[in-house]
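Each of the next two complexes has chain A plus one more chain, namely chain B in the first and chain C in the second.
On to the complex of A and B.
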């Protein structure tokens, strides 16, 4: 697999799995407006994953659905930050939201300058929607930023947030959130918590013969 | 013989699957039409990336070309060629008439929290500027929720992207 396809799949896996985790709040968020917000953010993230898988699929001669759902759990490349299951912990959910969106903004800014026009183009398109995720995160940071449960969650998740980015982009994240750079939790073969998610996420697709038309 | 003009006219008759008051041409998702004999190539630039209506739009464009006797090829662009500034002035007016506040111009830059909370967003029903942001997000990726304190009407605001 080329470096380009690998990069696209890492990004797509992050967006798909975070979208999935965000969607776990559908119907059970602490109040209705947040139910709408997290569901909508989840939908956007999964839409971004679809476009990124599509670009990878054109190169790998497969399709976006196959990349999203037909790989084995150990083949996913998503960052550990997005794999963690937080329901019903709102403080950690918001801490991840703020950290991920901040990291993702740095990654997208970088990708927009990519020499590959297709990659730069999809990054610019994704950025138009991500702006709203950051505004939402900003509102929550303003509300919870000084609460102990929130600051403890940020402390816990900080090494994971660094692991979302390639090493050369990490100093920018440390500067933006004003925290010292520490050892990151790197991308590695997904663990038990991811296996459960994968099992549920691919269950319907696996229930039908390969190549079934839906 | 299919002509480009006939294709554009046919596409202008296709309603947006989710906001049927405006057509796909009003929405600005048809970037280009090229006719070569019977073959009709449409460059389709999608709106919001998670929008479930994208497949329906594509199918309807293919059907419209087939009805004209052409062979459709709809290419989905994954680049940054669509923004809410691509919605035509006529499309904006139709949105407003349907109670759907059209997007603010993007040309002024990416939206900020201050802009969403403090800038003038007029109510599509009574035209009052006394409206507040209730939720950045709404029932579909393209909408925010606002409330008009003059006519006490909640309304949907097309997000600027």
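On to the complex of A and C.
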């Protein structure tokens, strides 16, 4: 696999799995309005994943659904940050949302300059939606930022947030959230918590005969 | 806090009431308005207004039946019939 395909799949896996985790709040978010908004953001993330998988699929001669659902759990490349299951802990969910969106902004800015025009184009498109995700994250940060349960969550998730980015982009994240750079929780073959998610996420796909059209 | 949202479907058209929801402040209200009333491309602009900023007026007394001020004006149907009866003619 080329470096470009590898990068695309990492990004797409992050967006798919975060979208999946955030969608676990659908129906049980703290209040109705937030339920609709957070579910919509989750759906956007999955849309970004699709666009990125499609780019990778063209190179790998497969399709987006196959990349999203037909790999084995241990083949996913998503950052450990997005794999963590937080329902029903809203403070940690928002801490991850804020950290991820901040890291993602740095990554997307970087990708917009990528030498591959198709990749840079998708990055620019994603950026136009992520602006509103960041606004949403920031308004929650304003509300919860000084609460102990929020600051403890950020403390806990900080090494994971660093692990979302390639090492050369981490100093920018540390500067943006005003925290010292520590040892990151690096991408590695996903564990048991992910296997459970994978099992649920791919259940329908696996139940249908190979090649079924939706 | 309750917010009222008015939405414009196409540029140049009047804003119409879209609906209302709860949100703690303007930032939340703006974010929710975007998700509720513009996510599917159904609006080109939104007005997001705290309900308390809206002064509702609902009492319009008209004790002396000043019909002539209304757009529909006088009804002349009954008076026309009277006049015709007096003249001994009928409408065709």
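Rule of thumb we're sticking to: the second predicted complex is superposed on the first by the 214 of 214 C-alpha atoms of A that agree within 3 Å, B and C clash if a C-alpha of one lies under 4 Å from a C-alpha of the other, contacts with A are read in each partner's own complex, and residues count from 1 in each chain.
Everything below uses one rule, namely that a residue touches a chain if its C-beta (ideal position, glycine included) is under 8 Å from a C-beta of that chain, and two chains touch if they have at least 3 such contacts.
Quick caveat: nothing in here was measured; it's all calculated off a predicted structure.
In the three-chain model built by superposing on chain A, chain B clashes with chain C.
After overlaying the two complexes on the shared chain, residue contacts for A:31 are found with chain C alone; chain B is out of touch. Contact with chain C, but none with chain B, is seen for A:143 once the two complexes are overlaid on the shared chain.
When the two structures are aligned on the shared chain, A:92 is found in touch with neither chain B nor chain C. Applying the stated contact rule after C-alpha superposition, one finds that A:131 touches chain B and leaves chain C untouched.
By the touch criterion defined above, A:118 lies against chain B but remains apart from chain C after alignment on the C-alpha atoms of chain A. Within the superposed three-chain model, A:40 lies in touch with chain B and with chain C [touch as defined at top].
If you count the residues of chain A touched by chain B and by chain C, you find the higher number for B. In the superposition on chain A, A:107 makes contact with neither chain B nor chain C. Judged by the touch definition given at the top, the superposed model places A:54 against chain B, while chain C stays out of reach.
Residues 33, 36-37, 40, 132, 135-136, 138-139 of chain A touch chain B in one complex and chain C in the other. Per the touch definition, chain C reaches chain A in the complex via residues 21-25, 27-28, 30-32, 34-36, 39. Those residues of chain A whose C-beta lies close enough to touch chain B in the complex are 33, 36-37, 39-41, 43-48, 50-51, 54-55, 117-118, 121-122, 124-126, 128-129, 131-132, 135-136, 138-139.
Touching chain C in their complex are the following residues of chain A: 31-34, 36-37, 40, 132, 135-136, 138-139, 142-143.
Interface residues of chain B facing chain A in the complex, by the touch rule stated above, are 48-51, 78-80, 82-83, 110-113, 116, 134-141, 145, 159, 161.
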